[in-house]
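The two complexes that follow have chain A in common; it is paired with chain B in the first and with chain C in the second.
And then the complex of A and B:
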């Protein structure tokens, strides 16, 4: 019975809640803006709002007028809800992830030819940050891009590329894989653009002849399946993740000697 | 209602295609599954996206689950296999990759809820249907994803069920108009039997190497050095002469295929497409094209077996179900229209 007298020191994974100062105190920081004029009433409003969300002991630690009629808040509170961590299942990209050098060597040994990929940020999206992080030589966050990979021939088409042009380019250079980047997600525009891309590929009879992947801050591998893509890469995924998937997929499909799209 | 029995007499592979997300595709699927249970028919079920999860991945709205009866043949990727609450017997491992694991063909041994996903490419879906029939399915139903329509292609399915609903627009007229546009596209005239058709069919291989082809008034066929019409409108325009009668486009038909074609050339030329799913032109542009005298035929059009309407939109507004169906029937008189939630 003695162990019951002290607070739990081991997290119960079937009832997980946030950690602040001590285990299971549920402490969370929330930051948001309300369309109310700055003042004590605003502070009270934020407090009540957070309480309504189900938090206990809400504490407004900071608030500031953004512009007349709008106030920004930082609020601390104790969350009450718990999650059963042991029941969580997230679909993931299968296969081994290798680093840049290993990828290059693996392709040399197992594919015996260069792998060609074409990437772009498509349609209305003007952001190159995603596609550059994966393709451009300097890469992102210390992870070099595909341009530095051995045995990989990448084409970076930039942003606002119509689906038609991306497909035409993929055909022209006999791409093994197409990388589609979507950064903007307001009003689910990324869903519309990604759907258009896959539908056009189907109409062109190319869908089963290229490996189609997508990436972006709001893209998960699970969403990729829903949209009809072969893989999806979200935050925290770099060029080596993308290339590891593509090269193993090329092998799985037996495309080692099928550099031409027409042969696949 | 007996909708399913009527359909089963005519069609072996049926796909459910949505006009938009949340138009009621899964509800329509569940309706067919229920009918199959009553009639003791063995269905094969697959999906081009994912079905049966409790929450929508994009909008977070609640989604109908899918309950399958004993004997149903269903495609389930390995990562979703553990999540099924029904008892599943694996009858075949399929060679198609999905982003969430190896695809398994299963027979339901004890009825229950199942999360379904299928191959990502329409070609693979088509091949898988054959496996389903060989395991005893009497009819295969393919559930579409989002508003993707490529599974409607006559290559893949014999007929479609078009799911439409209030989610399209707050204006009932707009819902009816957009649905009618798709119905019109799907029922475009097929190219009549004759020299032109014979010529084209002899030269179409169905591979990606197929090119844009022109046929002139003396039935001479010319293959252009273009495997796609995409972005090639000025080249196509240059090739169309006064004698050209038909232009065959092997793949997708988008604005970039026709934007640079001179208006006067539309008058004496007929465009031939493989099937209506190749058309990616907005209704407004389509009508402008038509006014210019644009003529189009398809090699094969799409049979719409039924239209289902969902008068309820997740954004919180609803239409009167009877009124919506009535308005639909005025413009689409020949196709059965049902509210599957009734």
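And then the complex of A and C:
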């Protein structure tokens, strides 16, 4: 147990560190594998490694040989680094989030026409789970998909859709927004795919004529913006988050009477 | 055995009978057609392998020459047998000459069908010798060093680099895994050729190539001897090259292959005519070679709701079973699939999962049921995920599943790290051992939640199969009754590679593979 210097229970938000069971104890658990043979040297190696990461009192609570030359560790330690919470700025998708019914009504009242979106899991990615969660009628986790929204016309093109095909479809149906899903992130394949989409849209002169969004388990709004998207939707975001953003953006851009891409 | 679920055997028989009629109806269509991939399979089985100087696989080069000359309906066997007779060269030499632009076998004068077959006999003999040797080797290892007990612990490796995969696979075997699946790189399923040679780059998986199969087989044989258990190797006989990969699996002694009669249609948008013809060729190979196939019913539940659509899984299991019967696959090689994919917030969801799993076992008592772990409702909360996987393991041991694809606590985050696999194996071993005979001990309340649920799902599956029988499988898929996915008869990838056979067509392997 580390030394108790104060009895305060109010965190100093300019110097935040992890909480175990006492303010500022810095307690964290780590689990990792080192490519070293199992034994007491391995244990010491893990301890020293965690110390080097800036933890005090590293405690290897469990270690186990995975295969000759590889050892798995569970380690507890007290983190020393602190963060000034008051200085944190996180880019967020702007606008109000409404539920499915409210979105439908809002579009009826404020846009006065249907909003059209096309979505796909692009390029090599064979996973439909993300795009289905947003578009398919059933949605995900009790949140209905866009197919169930009033005044929204969604097209779900499925998985492994080349960027060119997705763009062609967007033009064909005069989409207000394109939804790109990416699930596989190994070796940053999602970054390559997402970048390709932006570049192709720009090359076609369409980038400012459609709202471009992306989503997936490892996608944040910040990453999306860095890549040139209008918004990004990560875990815990459902169809209503996506549509709330798109419909308010359609209004902001004054596209109420510009259902055709050519007019925008 | 008395049904613990109080299932009505008449309903089971009725469902199976509908499925049998559905499969027979399709078989008429299948028997009249061939595909580029089926013909490339014949080429491979006749000894054609390798690539030309721009990396086109020679089976593709050969089949493309036939296709362009309009000779695909005659088939590779006839044309290649004829070429062997007329040139005196081996099948491989002929393919190499075509690749070098030196030979057009469609321009040669034609011998009779019988003469063509006769010319192929030495090549067919060589292939069967190789496959029979591989079957004998598996049998020898199984009887000498033994195997793990069911449910087999089945894990995946997916580094993208076959040599790194070997490290991970051997580690998993030492930790207790019984089956290693090398996940394919995303997008390979839509390639209309099989890449060649060892590969070290892939996304979310590693290319399925014959050389990669060989490298992994060798590594698993080594570790099998070390751990004293035969370690099975799994890959994908699916996608545009479904039967070709089955042939490669036969030659390199794969033990388990993912292979579904309709998965490619629904989830990869491969044309339905193409997939149905291809699945037949792949399954006759699988049946002969002692490979366990895994059907992909679990996937329905990732796009459709696991509670509402449970009966589509059961219906599809019946259909996959009957297609397998037509390809003469023994029941012990039928790895019919299903999954633990209900929303974990469902009240009594565990009872419904248990009901479904026991029902599958009662309906398909000898099948090597393949049980798939939670994926759709895995969140990145690894602690809760580990518990979801434990419940999944409990259902598996309780219901007597055969192949248990282990859930990973890091599902939805990344392809498994080395210690993720260890934690999953430990989880399964703990639950399987601790609850070993729970299935023998526990009976269910008459007309309780579990019994009622199974009866309801079976009844709905039977009704769906009756409908499919009436409409035909093609139309059923067009209407989106499986997985909630609609596919048109003439849509999807690969239709251009389908043709009707002409009167000279023959495929010497079908009959030989069926005869075992």
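As a working rule, the second predicted complex is superposed on the first by the 258 of 264 C-alpha atoms of A that agree within 3 Å, B and C clash if a C-alpha of one lies under 4 Å from a C-alpha of the other, contacts with A are read in each partner's own complex, and residues count from 1 in each chain.
Here is the rule we use: a contact is a pair of C-beta atoms (placed from the backbone, for glycine too) under 8 Å apart; a residue touches a chain by one contact, two chains touch by 3 or more.
Because the structure is predicted, anything quoted here is derived from the model rather than measured.
Overlaying the two complexes via chain A leaves chain B and chain C side by side, clear of any clash.
In the overlay built on the shared chain, the residue A:124 is in contact with chain C alone; chain B does not reach it.
In the superposed model, A:206 lies in contact with chain B only, and not with chain C. Shared-chain residue A:196: touches chain B; no touch with chain C. In the superposition on chain A, A:132 contacts chain C only, with no contact to chain B. Contact with neither chain B nor chain C is seen for A:17 once the two complexes are overlaid on the shared chain. In the overlay built on the shared chain, the residue A:141 is in contact with chain C alone; chain B does not reach it.
Contacts of A:241 after superposition on the shared chain: neither chain B nor chain C is touched. Once the two structures are superposed, chain B and chain C can be ranked by residues of chain A touched, with B on top.
By the document's definition of touching, of the two partners only chain B reaches A:167; chain C does not.
Measuring from the middle, so to speak, at the Cα centre of chain A, the directions to chain B and chain C differ by 100 degrees in steps of 10.
Touch criterion met: A:64 reaches chain C, while chain B stays clear of it. For the pair chain B and chain C, the model built by superposing on chain A gives 12 Å as the shortest CA-CA distance. Remark: chain A residues 31-33, 64, 66-68, 70, 72, 123-126, 128-129, 132, 136, 138, 141, 158-160, 184-187, 189, 217, 235 touch chain C in the complex. Chain contact summary for the complex, chain B toward chain A: residues 21, 48-50, 57-59, 77, 79-80, 82-83, 97-101, 117, 120-124, 145-150, 153, 206-210, 227-228, 230-231, 250-254, 256, 277-278, 280. Taken in their complex, chain C has these residues touching chain A: 158, 160, 167, 170-171, 174-175, 185-187, 189-190, 203-204, 267-269, 302-305, 343, 375-377, 379-380, 412-415, 417-419, 422, 484. Contact residues on chain A toward chain B in their complex (touch as defined above): 89, 91-94, 162, 164-165, 167-168, 171, 188, 191, 195-196, 198-200, 202-209, 212, 220-232, 249, 252-253, 261-262.
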